[in-house]
Amino acid sequence: MPTPNNPSPNDAAAVQELLGGKFGEMSTLMTYTFQSFNFRGRNRLRPFYDVICSIAGEEYGHIEAVSYAINLLLTGTTKRGFDPEPGPLKNITDARNTRHFIASGQTALPMDSMGDWWTGQHVFSGGNLKLDLLHNFFLECGARANKMRVYEMVTDPTAREMVSYLLVRGGLHVVAYAKALELLTGVNVTKLIPIPELSNKAFPETRKYEENGLHRKLYTFSQDDYQQAGIIWNGSHPEDGSELEVVFGAIEGAPAPDLEEEPQLNSPGADDIDLEMFKDIAAKLGIKI
Amino acid sequence: MPTPNNPSPNDAAAVQELLGGKFGEMSTLMTYTFQSFNFRGRNRLRPFYDVICSIAGEEYGHIEAVSYAINLLLTGTTKRGFDPEPGPLKNITDARNTRHFIASGQTALPMDSMGDWWTGQHVFSGGNLKLDLLHNFFLECGARANKMRVYEMVTDPTAREMVSYLLVRGGLHVVAYAKALELLTGVNVTKLIPIPELSNKAFPETRKYEENGLHRKLYTFSQDDYQQAGIIWNGSHPEDGSELEVVFGAIEGAPAPDLEEEPQLNSPGADDIDLEMFKDIAAKLGIKI
Amino acid sequence: MPTPNNPSPNDAAAVQELLGGKFGEMSTLMTYTFQSFNFRGRNRLRPFYDVICSIAGEEYGHIEAVSYAINLLLTGTTKRGFDPEPGPLKNITDARNTRHFIASGQTALPMDSMGDWWTGQHVFSGGNLKLDLLHNFFLECGARANKMRVYEMVTDPTAREMVSYLLVRGGLHVVAYAKALELLTGVNVTKLIPIPELSNKAFPETRKYEENGLHRKLYTFSQDDYQQAGIIWNGSHPEDGSELEVVFGAIEGAPAPDLEEEPQLNSPGADDIDLEMFKDIAAKLGIKI
Amino acid sequence: MPTPNNPSPNDAAAVQELLGGKFGEMSTLMTYTFQSFNFRGRNRLRPFYDVICSIAGEEYGHIEAVSYAINLLLTGTTKRGFDPEPGPLKNITDARNTRHFIASGQTALPMDSMGDWWTGQHVFSGGNLKLDLLHNFFLECGARANKMRVYEMVTDPTAREMVSYLLVRGGLHVVAYAKALELLTGVNVTKLIPIPELSNKAFPETRKYEENGLHRKLYTFSQDDYQQAGIIWNGSHPEDGSELEVVFGAIEGAPAPDLEEEPQLNSPGADDIDLEMFKDIAAKLGIKI
Amino acid sequence: MPTPNNPSPNDAAAVQELLGGKFGEMSTLMTYTFQSFNFRGRNRLRPFYDVICSIAGEEYGHIEAVSYAINLLLTGTTKRGFDPEPGPLKNITDARNTRHFIASGQTALPMDSMGDWWTGQHVFSGGNLKLDLLHNFFLECGARANKMRVYEMVTDPTAREMVSYLLVRGGLHVVAYAKALELLTGVNVTKLIPIPELSNKAFPETRKYEENGLHRKLYTFSQDDYQQAGIIWNGSHPEDGSELEVVFGAIEGAPAPDLEEEPQLNSPGADDIDLEMFKDIAAKLGIKI
Amino acid sequence: MPTPNNPSPNDAAAVQELLGGKFGEMSTLMTYTFQSFNFRGRNRLRPFYDVICSIAGEEYGHIEAVSYAINLLLTGTTKRGFDPEPGPLKNITDARNTRHFIASGQTALPMDSMGDWWTGQHVFSGGNLKLDLLHNFFLECGARANKMRVYEMVTDPTAREMVSYLLVRGGLHVVAYAKALELLTGVNVTKLIPIPELSNKAFPETRKYEENGLHRKLYTFSQDDYQQAGIIWNGSHPEDGSELEVVFGAIEGAPAPDLEEEPQLNSPGADDIDLEMFKDIAAKLGIKI
């Protein structure tokens, strides 16, 4: 993820919708996670279970990606230093989300673009497979609409890179739940796509991800489990006809950016800690550092 | 996890506190996860980062364990069958938590023992390392108190097995954050333990876990990352003097129980699906089922 | 609506889910109402607007029907009389929902089966027509699942009569949104029905309503407006092939039951009011009473 | 309603208080609606029931009026077009209420001026008539104070026209509940008016409505029901001595403004739909369009 | 306060409404407290300020009284002892409010009878004196209705003693705000009393408090401040004509009951503490114990 | 408290965090208050009870201090006058917290810096003494971090004076709970201080308070009770070695500022009231005014 051109508290506040909003990544992560724990009759209906688990596995990485985008957008937005007297956070009284600076160390929290906390009420796990899949299809379409609108609000390249990546991967989840419904009911649900009608191809940053096939590869996030995901995920992509592929294992991640210290927030503090001590302990215990 | 002797909606309702309560596993999971995303100066303070990440990695398995205990306690508590006319859920009007039967298919949701949804407000990620560690130490002690009280409320062996396992592992997390504070400040925080004063050894089901060393082994949930956790996690256990050990990789899990179908809830439904179709597709695509 | 055989606070508490739950009638009423206020480009897309408005018009009657069922289930559940000393509400300390007896006069409030207040967060009005229709289709399917489960919990005939009526009319709304999506996209969404798979025909009390054609008649709740609803609502019903029909005007209602007084709650109180005074005023002003 | 001179997201955000705030129109609508469903002893106390029902009937039109004012204030506040790349919503990162642009298509939702969702907790239906009337009198006075303050915040003529209309009609509701209390108790409650002390006559836009008698005509919103409202609503207005009048039927409404499309939000989308198809279907079925 | 005949978790749960409900003592305490902090023009309008402050001062004692009643009702409801194995809290799985036993040590928390947390949203401090006084009058009437209903639910003498005391003192607050409105407006608001119509004299336990004049003495909770309360609080009581009296200073309290330990909850724990140590320290420092 | 140089709605909005935030003064006040009501075994563990009660007694003054700072920051931020026509609040549409101007008369409410209401969920009263003390120690450290950050956001001298006073007194509470834990466990918890690491001495306005010994004097807020607080509060201060002292009685307060009227908000209104009438009544009744 690139470093922002213009770190901005209000851009960060807007991006929070994709983390902790009703249609944010916390909602997709937790909905699919609970549906996987709660799946009744999984042996009989294994392909559906395997697709839900595969997607649940990916969503953890999505809350990470959104959080890091927020964290980068917030880094350096206040005046660095130890002395409180000049008011190093005084520009923040006009920022939309004060929680980033009071409840957190200029970093992300599970809340939406209005600062409302994510709630378990956003989880849907009703127990009827057809209803759960219909929900998931709707949820991913709603999430896609939110991503498109946040893209249009925030022009910073860090944010747009992250949103575009999520548009591609979330777009794949839309197709996956549509195909699951197709297998279950015989109705050609994939023809409803895209919802909203604007194609991901209208977002320039999505191209390189699509060129790498990220819109057509379903990852299982396990070498051994979820082998039957391929019973649902096969054939051709409804938008460009490319071949759908199941990949056993995790998607290749990017290294987590290292976040600079913000001493005016005492974040992380511990300024006097004796780093040599760590080395001594490590040496004594044979720990590689 | 054993099958319950007496499945019970109200036992399940009580156990929800350990999943979605203020001190439940959703809170520990999400607090440590966000602290890991939000860690400023991680290179300088790597051992602390590595311990937080290691524990965050384990908490995912804890929401799974609590969810399965709830699901087993709920399975079979209504009258099985397809016909709504006789009122197969009529005993549920007196149950404490109707969400298990209306919003879910007799399964767990991220809420507490009063049916209140888990909220992101329970996440603490303040950015000052000393404060975050102090919080985590308090959170784990509070979580331990909750587990002890739920153990005393629910005598079913399924629930007690799960709670006892969590008492042992959560007990280790108490020690880990105490030791992190000790390394950071030089204060012998481990001597505050146990909080509350009752030892885990008073809970009979904990014994076999302690005999297997589960109270003294910190897992990193990664082969390569978090090597410096050992700079904090070393020496002897404050209660029994056993040797603390870091294990690189994941804790060995138990197989997830298969949940029986509950047709009166149409859960999972899909009763007419043609299972041969799955086999045909699998055969055609070379998928092993 | 018949008078209950066995008035019951806990039955009433369960039925509240259909009034103020996430998938209750408050949610359908308010979602379609706001979608009608917020509809952009209504001249271009009039048939969709007209269907949404027609259904919104009906939902007001649904919150009324559920409320009266709750009120009847609650009437007479405490010991009638003016004297507080014997504790006329003492059986209520064990009831699940104390709000019916403290915050209200043994009557309904906009809350769910756990006593959680209905919230505007349950309204979805995203602005993209395809997404809004997909949402509405999902919402009605979820609402249908809730009704089925409440039917199975509450065997009282008052409640079942009301739930069955709503199953029929809500079932029509499912079809209406499916057909709207079909017109918009060409995808045969009606073939997904029923969700969950159990047919309304499994609920005996629905029969007389279906015999009266209530599962196939869309009411516009206006003589003049919403004429283009028929562009969507035409053809045959996906379950029984009967002919779909648009009726201009309101559905014929049942008279609202008169609720007995509950003096132990001082509800309504005003015991000493001089009823002759009303007659005198009426006579003087020429008001017919 | 006139078109705004200066559409403004923050003006729209302020006006939301009158829709979804504690004292907003959702609260008055739903409080009187539930009081009407929950009225015990309605035959004995018919005049009170009839007044509550008459006012409840009017409040639906009030949520509509506030919503349209918000919608007009929001229309055109972002840059119109299909291409997301230039960031057509980028000015919105500084707007107070991002929900108008992410969760909705630049339109109203049931929330207050802080973006907090309206909740059923704002409904009061306690069951004791004297207490309910006292509540309603207070609620209308509180609502009046809110309207006055929002008028002072938002100078746009669209908003002020709507607020002034509501000041007049809400002012009538204040008087109606005062008179109901007078009939019930003999206390001259109308002499407490106005609360707050500033007269509606200080708001220039109210004049034409008062000249049309809208401050003295109670509408029943039904030709046949609620005939006994006149037992309460008679005599002279406490502020200007004009004659109070009951009108059987609905208040004459203004046509709903047509809301322009906002393509950058894909609202409503459906850009490729074949409008001829509608005409063909209509022609075939004999539907007038 | 007497010790309960029958300690009962569900009685305690019901009484919580009077502590943390919308109309509970937290609401009256905090509303009047904030009105006192926020009073504009207090020099000009001193008598009103002095009455609000006097009543605010009393409400602190009311949250104490309700809390102790709850605490006594909860004491001894679980099986005392240190050993968790027999499940000393197992009867609690069926109790309505599990928070008393998990989040607290069988004691009160600021929540209502449904376990919903008290919220600052219940505070009304609008700034217009007439509106604030009208609110307070309504709030006290609503609080009175709640007390009457809880009295009818809970027959235990501990609870009834406390509720009756609050009926008397809350009844005085009703009169005080009515008289404040009378002074401000000239309208004889006290004639609306009682709301609901049932007199406090119907509650036998209120008699001794009324005989002691507690229904006619306004306490200022200060020797020096709030002298002008008497400009409002004078004349005769609207119900029995007794003389209203201002008392400078605090109301005489009862000693706080000592709460027994509940070792099965580790409450308070600290079983091994060396009490001699306290004595030694006290002796050394000259502290009287 | 000095009058602000630059009254500012957004400064006031930020300061609300210290009143109604998770770590605000409402939380400390109510947590210690409930812990004092709920203390089991108080005779055995009197010194701990006495310290908790002493600190609870002080927190009431802290909600007052923060409220007045907010009220002063808000006074005069809108255009004074009676006429609504010019829009005297029009600058407020861009303010972060509209509640100060709609729900209140430009004054404080129990909410946080995002306008979220304070909730009873922030109260912790678990019943195990060691856990409660650990919580309180953490809570005060978290509150301290919040104060430091708000100080850095708001440079106005009114706010800073108030925050600095609270830093000193809150700093004393940190030490008090640390010392209580030390007495209970023997662990030198005070050596963890300060958390965060920045000393109060970095805040210039704290100096005069420390010179007056306000960082070392624990007040009991009672002449007679809480004598055993000294068993915990003795010895020397961990930061500067000064002598810790218990003072029996209340801390000396500053006079409450008189808040100017804001007629454009009709706050307080009552403009025509006859002040002579007050004097007449007072004279007749012998009340000194």
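Letters A, B, C, D, E and F name the chains as they come in the text, with residue numbers starting at 1 for each one.
Just so it is clear, a contact is a pair of C-beta atoms (placed from the backbone, for glycine too) under 8 Å apart; a residue touches a chain by one contact, two chains touch by 3 or more.
Just so it is clear, the structure is predicted and the values come from calculations on it, not from any experiment.
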Going by the stated contact rule, which chains contact subunit A and subunit D alike? C, F
For C-E, find its twin among E-F, D-E or A-D: the pair where over half of the contact pairs carry the same residue numbers. A-D
Taking each chain's centre as the mean of its CA atoms, subunit A sits from subunit B at a distance in Å of 23
Taking each chain's centre as its mean C-alpha position, how far apart are subunit B and subunit F in Å? 38
Separation of the C-alpha centres, subunit A versus subunit E, in whole Å, is 48
Multi-partner residues of subunit B (each touching 2 or more other chains): 22, 96, 103, 121, 126, 128, 130-131, 145, 196-197, 265-266, 269-270
Pairwise chain contacts under the document criterion: A-B, A-C, A-D, A-F, B-C, B-E, B-F, C-D, C-E, D-E, D-F, E-F
The subunit E residues in contact with subunit C across the complex are 8, 10-11, 13-14, 17, 21-22, 96, 113-114, 116, 145-146, 148-155, 196-198, 202-204
Subunit D contact footprint on subunit C (complex, rising order): 20, 26, 30, 33-34, 37-47, 63-64, 67-68, 71, 103-111, 117-121, 123, 125-131, 184, 227-228, 230-231, 234, 256, 258-262, 265-270, 273, 275, 277-278, 281-282, 285, 287-289
Under the definition above, what is the set of subunit A residues touching subunit C in their complex? 22, 121, 124, 126, 128, 130-131, 134-135, 137-138, 141-142, 145, 181, 185-189, 191-192, 195-197
Note: in the complex, subunit A contacts subunit F through residues 78, 82-90, 92-94, 96-99, 101-103, 115, 264-266, 269-272
